[in-house]
Amino acid sequence: MAETMSGAAAGKKRLTAADVVPGASTARAGKLGGNPYLPEICTVREIIQETPNIRTFRLTFDDPEVQKSFSFLPGQVGQFGVFGVGESTFAITSRPSETEYIQFSVMKAGEVTSAIHQLSLGDKAGVRAPMGCGFPVEAWKGKRILYVMGGIGSAALKATIEYTIEHRVDYEGISILYGATAPENFTYQYDIDQWQKRDDIDLTLTIDRECDGWQCDVGLVPHVLERMNPTPENTIAITCGPPIMIKFALMSFKKLGFSDEQTYTTLEKRMKCGIGICGRCNVGPKYVCVDGPVFSLAELRELPDEL
Amino acid sequence: MTIKYLAQDQLAAFLAHLAERARVVAPISEDGVVLFRNWEPGRQVDLEVLLAKQAPKEFMFPQTEEYLKFSYRMDTPVVDESAPPAGASDDGQVEAALPHEVIEVQAENAAPAQIIFGLRPCDARGFVQMDQVFGGYGGFYFDPLYNAKREATTLLAVTCRDPRSTCFCTAIGGCPAGHEGVDALFTQVDGGFTVEPLTEKGEAATDFAALRDASEGEAAEAAEVKVQATTRVDVPFEIDGVRDNLKANFEGTSWQDLCLRCISCGTCTYVCPSCYCFSVNDSLVETKGERYRVWDNCFNPTYTLETSGHNPREKKVNRFRNRFSHKFWYYQDKYDSLLCSGCGRCIMHCPTRIDIREVLRVMGAPAGVPEAAGAASNSAELPATDGKEA
Amino acid sequence: MSRQDEIRELARVALSTGRVDYFIGWREAYNPSEVVPAFVDEPDSVDQLVWNDLCAHNLTTFLKRKMNDRPNAKVGICVKGCDSRTLVALMQENLVDRERLYVVGVPCDGLVDRRKLEKEFSDEIIDITTSNGTVSVTTHQGLTRDFPKADYLLAACGWCRYKNAVYADDVAGPPAEEADRHAKPVWTDVEAFEALSDGERDAMLEEIFATCIRCFACINVCPVCYCWDQCVNRSRRPELVSQKVDAKGNLVFQMVHMLHVAGRCPSCGACDRACPVEIPLSLLHRKMNKEIYDMFEFEPGAKLDEMPVFQCFKIEDAFGD
């Protein structure tokens, strides 16, 4: 009679209800110490209209202890939602060094994002964060980082950009290529202004078509990228944006000689639990919510073709 | 732990004894339909039919489970007229204290003691398999909802004396008298059951006066029942290599042929002892609401539908491929465990009898199909506004 | 030639002449007591096709969009009388391309209710054969018992007036003798349901829908349910049917399904047979069809040149009382 006690149980400790603080979120009690389904209650403190359909929300945790102890890795995400409507996954777009608030940038598109866009100052929201894996910024020390982004893709890379800028001396170079359909569709204009003033960041902004008063580049991101002709030598390439832009950007990276190990992107999927349990956000054996959303191209090649 | 014996005519008394301390659930027939239902004195447990229509997973993992309750209200701060106004500007004007939103959120997790009697070893094994994803092993998240119920539940399984032709537990490491997940194993013999407590919970549940030590003859009969049952379970495919072949055959065209008669419902998933995928929704009526999880299934056409309209598994064949790949490859890679215990319910209840054994025989065998190209290289398949083939 | 041989021959010819790219019929599954839909694309493989008293599946569901998506394929299909009415319903709405269809009508004298037979045994049934009005059932452990077929017919077959297909390109064998289609339909099961008091009816519905698991088998197997991801029962924006699975919500779910197929559903019974927990869905659909018949004297899918009753109106239409 075959009996196989197989599984993750083999040799690994299994938690019991006694290990978990009842009624505490994971932000309060740690990833394995709390209830991962329980959001922290947050208050909307600031709303910035980035573009006609993108708003940035700055929230504070109502629990001051959580606000004080909260930290995240660049590239990590959170489940931000409205009680009564639902939650969605968003990249945390505040600086990792920011202690006063947590920030998400939200494009109005569906059920949850529309409800989020109806939030006013002082309203309550739920946050479950941080989740997912971030970008391996430690391993990238000493390298040049090339960020290539379009539209709302900037949100996925914002925290990482800020982190690498804050730790500028640790990186050989920072280049940012940011494309939008039109001048009013750039997010984080206020931060872009600061980046433009620095001489230790290589910043290229581009819009799709000529426009009166536009001083920077014109052209689709992949074309501009190839014009820039960045060297793959000691460089990490990261891209995020609309699917069609990612597709062509990845092709351009390949053309420019970037290897799969040097190229990174973020995936998105329909998500519900955000903690790798409900089963739906998988690409093959990997869950985008916990094994991602950051993936290198080398990792993606191992996965079944079902993006 | 010694083997005990319970006479058939003592079964009702035994269950009544259990019912004093916990909710007792057992396979019970109503209008010819056997489901796990609440047992009360007077109800007949049906152990003649091998499998209840549904696995008992709903007792650890309810189909609908409200896990957050919340209510909104508005708070209008009271202004104390006598005190100096806070926030008064230089010219003495008082800032109005604005009403603001307050929300109360409460986590819910009811887990009363329960005992499931009459499940089969494959049902119990399904729980062990689900433990991997819910259980917080080795750094994965811990699901307090499932685990509270899991810890509060005792599983008293009954050996499958007469396996069905659709059973295949032994092909994947199980057994009609298997112990995985079982707190106490009952085996039907002449006049009653032998009873083997296997865990502390099993010992506690079988601490009942009418359970005496089994005689040598009774123990031998039980052993024989188990051996006979095990030899009669079909081994329809070789499990070794299935994982690697599913990966190699990901782009194989046979998936299309295998899924032709599938109607893409959720029956197989919902009757399965180990399928666990769920969705989360909120409900709000005026100021009060809940967040709840509810069973979902990967055949649901909206399962992976993104807000942008893109759906990676728009086509039925891709959803079909996902279920088998999840159970025999993805879950294996992530948790080192299969997600199937060979009960055969999916075959019995599928409206068109899609046969998991056939699928694994075909797609789990080497087929000479070239290794599937990786995701990123197949740039032609990156999301676009296609997929609407109708 | 038996009807089974007729079907095989018609399929063989259709495949070998290229009249169809594939042919949908019935075949045995993992044992002779289980019959499932068959998809045959080679003339040499037609011998897998069977015709017997277990061929209950309504195959026309495989013609609807997003089921098997081969938009330009030419398809051959077997239909019984009841199945042909859902085919006609699809044709009335221009949802199938008649040019690419080859329809083989299969006259039918009634099929055996496998579930009713299952309740006679606790063991698994592995073989069912019928001959001369007797059904012989064999179980996994070797027990064989005989039953009179007349007592174990599918309920739908008991009052069937459409034993021959209402639409077919070819017919597999001689027609079956059928009751007069112009006679009033039989509604005894529905009348029994109507005779219940409100309280009794509520209790009955509560009880049966408490076991529903929202698997969507009834919806997906239905040939005239084709909304898939746009189904009202799945709608998120707005949420129209609660996604909580409880008796009340499940009843609303089923009523949505019923009302949306009203006028196109001939009570073929596919939903009933697909339901894993054996909810008597056919009874409710027949109740709906009785109402439609009483109001409009309309029988869904009976005549190709008719419009479905809720897609059109006449000035004289009854307005209810």
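List of remarks:
The letters A, B and C name the chains in turn, as written, and every chain counts its residues from 1.
Heads up, the rule we're going with is that contacts are C-beta pairs under 8 Å (C-beta built on N, C-alpha and C of every residue); 3 or more make two chains touch, one makes a residue touch a chain.
In this text the structure is predicted, and so the values were computed from the model without any measurement.
If you draw each protein chain as a dot and join the dots that touch, every dot ends up joined to every other dot.
Interface comparison, A-B against B-C: more C-beta pairs in contact at A-B. Here the CA centre of chain A is 50 Å from the CA centre of chain C.
For the pair chain B and chain C, the distance between mean C-alpha positions equals 31 Å. Residues of chain B in contact with at least two other chains: 279, 281, 283, 305.
Looking at chain C, one finds that residues 236 touch two or more other chains. Annotation for chain A: residues 110-111 touch two or more other chains.
Taken together, the chain B residues at the contact with chain A in this complex read 67-68, 70, 72, 98, 100-103, 105, 107, 109, 128-129, 131-145, 147-148, 151, 170, 173-175, 177-180, 226, 230, 247, 250-251, 276-284, 289, 291, 293, 296, 298, 303-308, 310, 312-313, 318, 322, 325-326, 329-331, 333-338, 372-379, 381-384.
Touching chain C in their complex are the following residues of chain B: 31-33, 35, 46, 48-50, 53-54, 63-64, 162, 164-166, 257, 260-261, 263-267, 269-271, 279, 281, 283, 292, 294-295, 297, 300-302, 305, 311, 315-316, 347, 349, 351-353, 355, 357, 389-390.
If you check the complex, the residues on chain C that touch chain A are 236-237.
Against chain B, the residues of chain A that register as touching in their complex are 1-10, 12-17, 19-20, 22-23, 26, 31-32, 35-39, 41, 83-87, 109-111, 113, 122-124, 126, 243-244, 246-247, 250-251, 260, 268-270, 272-273, 275-285, 290, 297, 300-307.
Of all the residues in chain A, the ones that touch chain C in their complex are 110-111.
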